[in-house]
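Presented sequentially are two complexes of chain A, the first with chain B as partner and the second with chain C.
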Partner chain A sequence: MSAASSLYVHGDSVFHRLAPRAKIALVAGLFAVALVFDHPAFVVVPLVVAFGTLVALGGWSNFRRVRFIVVAVFVVGLVVWPLFTPAGGPIWLSTPVVELTRNEFLVALGRSMRFASFIITGLLFVTATSNEELVAGLRSLGVPFAFCFAVGTALRLFPTLLGATGTVRQAQEARGHDLRSGSPLQRIRNYIPLLIPVFMTAIRNVQTQAMALEARGFDTQAERTFYGRQSLAGSDWVAVGVGSLMLIGSVLVRYVLGMGTV
Partner chain B sequence: MDTSHSDGGIVARLRDVIFSYDKQDDTSAVGDEHVDPDAREGFVLRGVDLDVPDESFTVVMGASGGGKSTLLRTFNGIIPDFIDGTFDGDIRVLDRDPTTSRVSAMARDVGMVIQDYESQLFGTSVETEVAFGPENLAVPPEKIGPRIDDSLSVAGLGDLGRTREPDSLSGGQKQRLVFAGVLAMHPDLLMLDEPTSDLDPAGSRDVLSVVSRLAEAAATEASVGDWDGPDSIVLVTHKIEEALLADHAILLKGGRAAHAGPAEEVFRNVEALRESRVAVPPLVEAFERLGFADEDLPLAVDSAVEIVNNANLTWTPPGKRDGYSPSVPAGTATDLGNPLFELEDITHEYDADGETIRAVDGVDLTIKEGEALAIVGHNGSGKTTLAKHLNGLLDPDEGVARWNGRDIRELGMSEVGRSVGYVFQNPDHQIFAATVREEVAFGPENFELTGEELDRRVARAIETVELDGLEDADPFTLSKGQRQRVALASVLATDPDAIVFDEPTTGLDAEQQATFMDLVADLNREEGVTVVMVTHSMSTVATYAPRTVVMSDGRKVADEPTRELFADEDSLAEWDLRPPQPVALSNRLAAEAGQTDALPALSVDELVAGLADEPITTTGSGGGST
Partner chain C sequence: MRELFAMWRDTRMILLVAVVAAIYAAVLLPFKLFTVIPGITSIRPANVFPVIFGIMFGPAAAWGAAIGNLIGDVFGGTLGPGSAFGFLGNFFFGLVGYKLWGNLGPLSSGEEPNMRSVKQVVEYVIIAVAASAACAVIIAWGVDLLGLVPFTVLGPTIMINNTLAAAVLGPPLLYLTYPRIKDMGLLYPDVMREEDLEETSFSQPVVAALGMLVVSPTWLVLGIYVFSPQSTMQMALGGVGLLLLVVFVVIGNQGLPAQLKGANIR
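And then the complex of A and B:
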């Protein structure tokens, strides 16, 4: 079975129904908690909340698609961070090759969980936010229209480009082309028959798109109007409040109360 | 209807318009040689003089690469404002000079829909897509909502969820969404550049119903929502059945408007159509060969029936006429060898938005050596997915696909890919090499062919597709028809036993289609290559495929000789398929004569033979016989 190209999962959950700005506020709150604290006992909170919400919203299949990245980031972090962390506390692991102290382990674990939390929180956002909502959210935050338009167009065309890439790959495979054979250098060269048709198709499409854009009256210099700007509902304001509370609360707990550090 | 823009009943007037995509120092030496716009060298337009009548539905036709799209792009200033090149001449469109206006300014009055709907969708939802144009024109937001509703309704998308992402729509829905987006800008002149080329018959029909509605509004001054509708429509197309909807026609030849006038006159002028490399309407061709005068030639089946009855002609179905045996286009029952492909209970699923789609559902199919078979069905019916099991591009989730009795899954691409070629719909999805020779050699080289044998195979393949002399040309500079033949040559060079064609005639004009498909038929008849074609073109099926498989919702719903399949028009309609005119007319004539077991004519040749007093020597392509 082939996979779907979009990560958005249709749904009618409370999170789905929130305005994009409110979702961005909640996600920013989770990011803040994961960023501010070092101790795994604190960082685990946004990680578990994001993961639990992701699964509850039907995003398990999305997680499966990126699980190798999450695991790789986690494991590499566990191995690498101790090298850059001052030793401290009792030795928890001692081998002829390496010693691992309590501080080194907790910092490494906390950092790995932080990055995993970032990925999963981002995944949660795109799982419950359509491209349309994302662009609307950016626009409502005051991001310039030309940038929002470019983001929206890129998101819309990404599945199309993926589809074209799949077709080109099949077309070359049908002529006996094997991407995986040969030395590392040869494997890189193997991608040339794939990349040239994809780029040529993309370039042709870009020319046509630019022409079609002008024909639809698009002009960055001209006056334009915006249809469908919506104000925040009550539940959106609650979400913005929760997100803000997470952001401010975590800063206070970390820097005023001094908690959450190793 | 607002006609204030029109210039004495003329919506667009072009005089001495010349254009070249590259810079030319001397605009007086435009020459007569045909130049393909793909090549971007030389003059594509060579002194166009034409008038588009106001309140008309005008169709522009001509050879593929003959400058039709280039011409249309002068109407809204894309040429010369957006596309740099060499331009000269006078243009007035809606009382304005597009050559001194920005394209975005002309967009207020001139709307354009092009073939590639993917390149015209910019919104992330249905609603934002339609709103995009009016927003660009600074229409007040409170007026955009009603425009969205009206435009979607006219485009037949009134029931579509406003928040749906365009990517989730079918091809026909996407193209109609583009229509809605352009209509929401309330253009006075609507230009349509091959709007149905990438659509299946059902999608094309949906789009054409929108065009017909708008054309009617233009002609009768009916309103479209709270808008008067476009004053005029200009359509570029290769499809004669679409062209027959128009009331005014212009034929381009050699970069000039060679013939123009009422559509009924132009499409009865067989000589002019042939000169311009435009497909002659099949009924016009048939009745011209039967000796009828130009003004009597029928454009539709109803009028053809009337002419047959008035002239007291008798319809004799193929096979029931003395001295005439019906042609079998390619491959015959007696020619066939052992089973080459055996597909048993094939099921293939894929995941879309977390939902499992069963693209192919329990299909059995056996194809014998030397057979020529068509697979038809609407978009998403599973025909391409099924065809990709024939060379192992896709593996079945259930069932087994065998080639020469061996499970294709167990054979590497090095074995099955060498023997089963696959020609994709878009040649640009495979072309990457710097020369035609290198491109054609790519396949055999992958199969470890070298030296003299490689050179011999490459030379033979290039010669077979009649591209000799272009071995060192850059494939990207060739026309679409030539690139299609490069793709075929690259498959032929591996010396396959079978070739699968995915939409082999898309984007080709009448002459290119005939040239390419005659080549395929020759490979089948003379070299014994088994041919499987996935296609929407019913005339291609009728002319070149003795056997047809119909797919619907992943299932095989019919698998029978094409002639028998086309005799059952009720079933065809159920599967969203419409037979070509010769088939439809012969079925009607047989029904009126009470010939219950009669099989239809598949070609103009057979129609003429069945209506002529004496046996007629046939002349058509695709294996017509006497």
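And then the complex of A and C:
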């Protein structure tokens, strides 16, 4: 199984201790910087900051899991974007098949860095934020309780179903079921004996789980109280301030000073 | 459209959202058939779930597919601004199925989706294509807007990989599971209150269904062949396309409740 049930890495860093809302503000700030600028010299800043923080927080193993994706988006971006970018500036690469101008290269590099920056910043967030904090963060942002409950339940069911999926796969393969044989269409059809047991097992429990919840007084309409609701501390406000500063600052630098374009 | 919000009052519908999300994410991550663009998209058998769950579980599948995709991003390490468009695209991937089934006029089989006749399979495949297109255009538009991957590249890629899995796996899965889900009493018309599924005064179910059927493929074709990536026209096309989809959701209605009622009367 390629995916473990969580990417969260336990830690006691300042970033770990921030309230989920403050982490969201910081991450949004990094996203904004990567999104607003086109020039690689500017986009590299959030990329390096996010990567450095990720490694410092013990997220190297998480990065190793997605390194293939990061490399792939980089390569695909470098290949694809020049095809859709107006040529400009001196020719930097000339082959019998293709010519690459400075403008095309810088735009492609900037876009690839932006994509990589998004992935690594998102990874930084899930590395330092547990599933429970994620749901608490949604709730503290004003997302309705029923929705947060569904997300929380799905996050708890997910590892169980991931395990069940692996078990069903092994069981069917032990019976001689070969997922990789046949034409492409046949290979798609080969998944039917795997999907049905996973899906029916999960659905079968819905009625009893609903009854169990309602027997315990589950009511989405009633006003709810929460144990351990986290209010924003001083460090959280600082993080919110830094996130806002990154957002506003990058917009000003880009659109008022006109910097960061190719 | 009322059902999309009214369903949050029902415990079973909320649990169905969670289960759909968990199943979708759990099958999405480990099973990859063919990689289409390395690191960006691949053909995944899980793409059948939003469509068949949409037909059976209605609004719970729309929310569940959206949340499931988000969980896939969280656990797959690809959470980012693009996840917002992934959420919206997968929401429509699950939503189109129950809005279109039974409302396609001459293209509808007029029967429950138990896949016991060719007409039902044809109706299902049309719906799978429409749902895949809606998901593809919304995600590709959003990702193009963010400057990550051009619409021209990602739109057809998502369209093909969603359609293949949904169209090939959907009919046999529905054939095998629909009668069991119906017996369990978990079809959305059986779970939700009748008044939450009733037509409103401005409902135009057939117009809305045919509109949804046309808008997404048209948007896809224009986005690929007419407008260049990241252009103002590409952005405007997306805005208009999304607005039309929302309008059709608002004036649309679901066809399965009437079919079940008809079957019970007989």
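Here, the second predicted complex is superposed on the first by the 252 of 262 C-alpha atoms of A that agree within 3 Å, B and C clash if a C-alpha of one lies under 4 Å from a C-alpha of the other, contacts with A are read in each partner's own complex, and residues count from 1 in each chain.
The working rule: a contact is a pair of C-beta atoms (placed from the backbone, for glycine too) under 8 Å apart; a residue touches a chain by one contact, two chains touch by 3 or more.
Nothing here was measured: the structure is a model prediction, and the numbers come from that model.
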item: Simultaneous placement of chain C and chain B on chain A, clash or fit; value: fit
item: Dominant toucher of chain A (residue count), chain B or chain C; value: C
item: First, second, both or neither for A:176, with chain B first and chain C second; value: first
item: Partner chain(s) touched by A:164 [first = chain B, second = chain C, both, neither]; value: both
item: Which of chain B and chain C A:119 touches, first, second, both or neither; value: second
item: First, second, both or neither for A:111, with chain B first and chain C second; value: second
item: Partner chain in contact with A:215 - chain B first, chain C second, else both or neither; value: first
item: Which of chain B and chain C A:245 touches, first, second, both or neither; value: neither
item: First (chain B), second (chain C), both or neither touched by A:98; value: neither
item: Touched partner set for A:233, first chain B, second chain C, both or neither; value: neither
item: First, second, both or neither for A:130, with chain B first and chain C second; value: first
item: Gap in Å between nearest CA atoms once chain C and chain B share a frame through chain A; value: 7
item: Chain C-contacting residues of chain A that also contact chain B; value: 1-4, 6, 134, 149, 153, 155, 157, 160, 164, 192, 196, 200, 204-205, 209-210, 213-214, 218
item: Residues of chain A that touch chain C when the two form their complex; value: 1-7, 31, 35, 38, 62, 65-66, 68-73, 75-77, 80-81, 83-84, 111, 114-115, 118-119, 121-123, 125-126, 134, 144, 146-147, 149-151, 153-155, 157-158, 160-162, 164-166, 169, 184-185, 187-189, 191-192, 194-196, 198-200, 202-207, 209-210, 213-214, 218, 220-221
item: Residue numbers on chain C that touch chain A, as the complex places them; value: 8-9, 11-12, 14-19, 21-23, 25-27, 29-31, 33-34, 37-40, 43, 45, 48-49, 63-64, 67-68, 70-71, 73-83, 146-150, 152-153, 164-165, 168-169, 172-173, 176-177, 180-181, 184-186, 228-230
item: Partner chain A, residues of chain B touching it in the complex; value: 73, 76, 78, 82-83, 102-104, 107-108, 110-112, 114, 116, 118-125, 127-128, 131-141, 144-145, 148, 163, 165-167, 181-182, 185, 349-354, 356, 388, 391, 393, 397, 413-414, 417-418, 421-422, 424, 426, 428-432, 442-443, 446-447, 476, 490-491, 494
item: Complex interface listing, chain A residues touching chain B; value: 1-4, 6, 8-10, 58, 61, 130-132, 134-135, 149, 152-153, 155-157, 159-160, 164, 167-168, 170-178, 192-193, 196-197, 200-201, 204-205, 208-219, 222-229
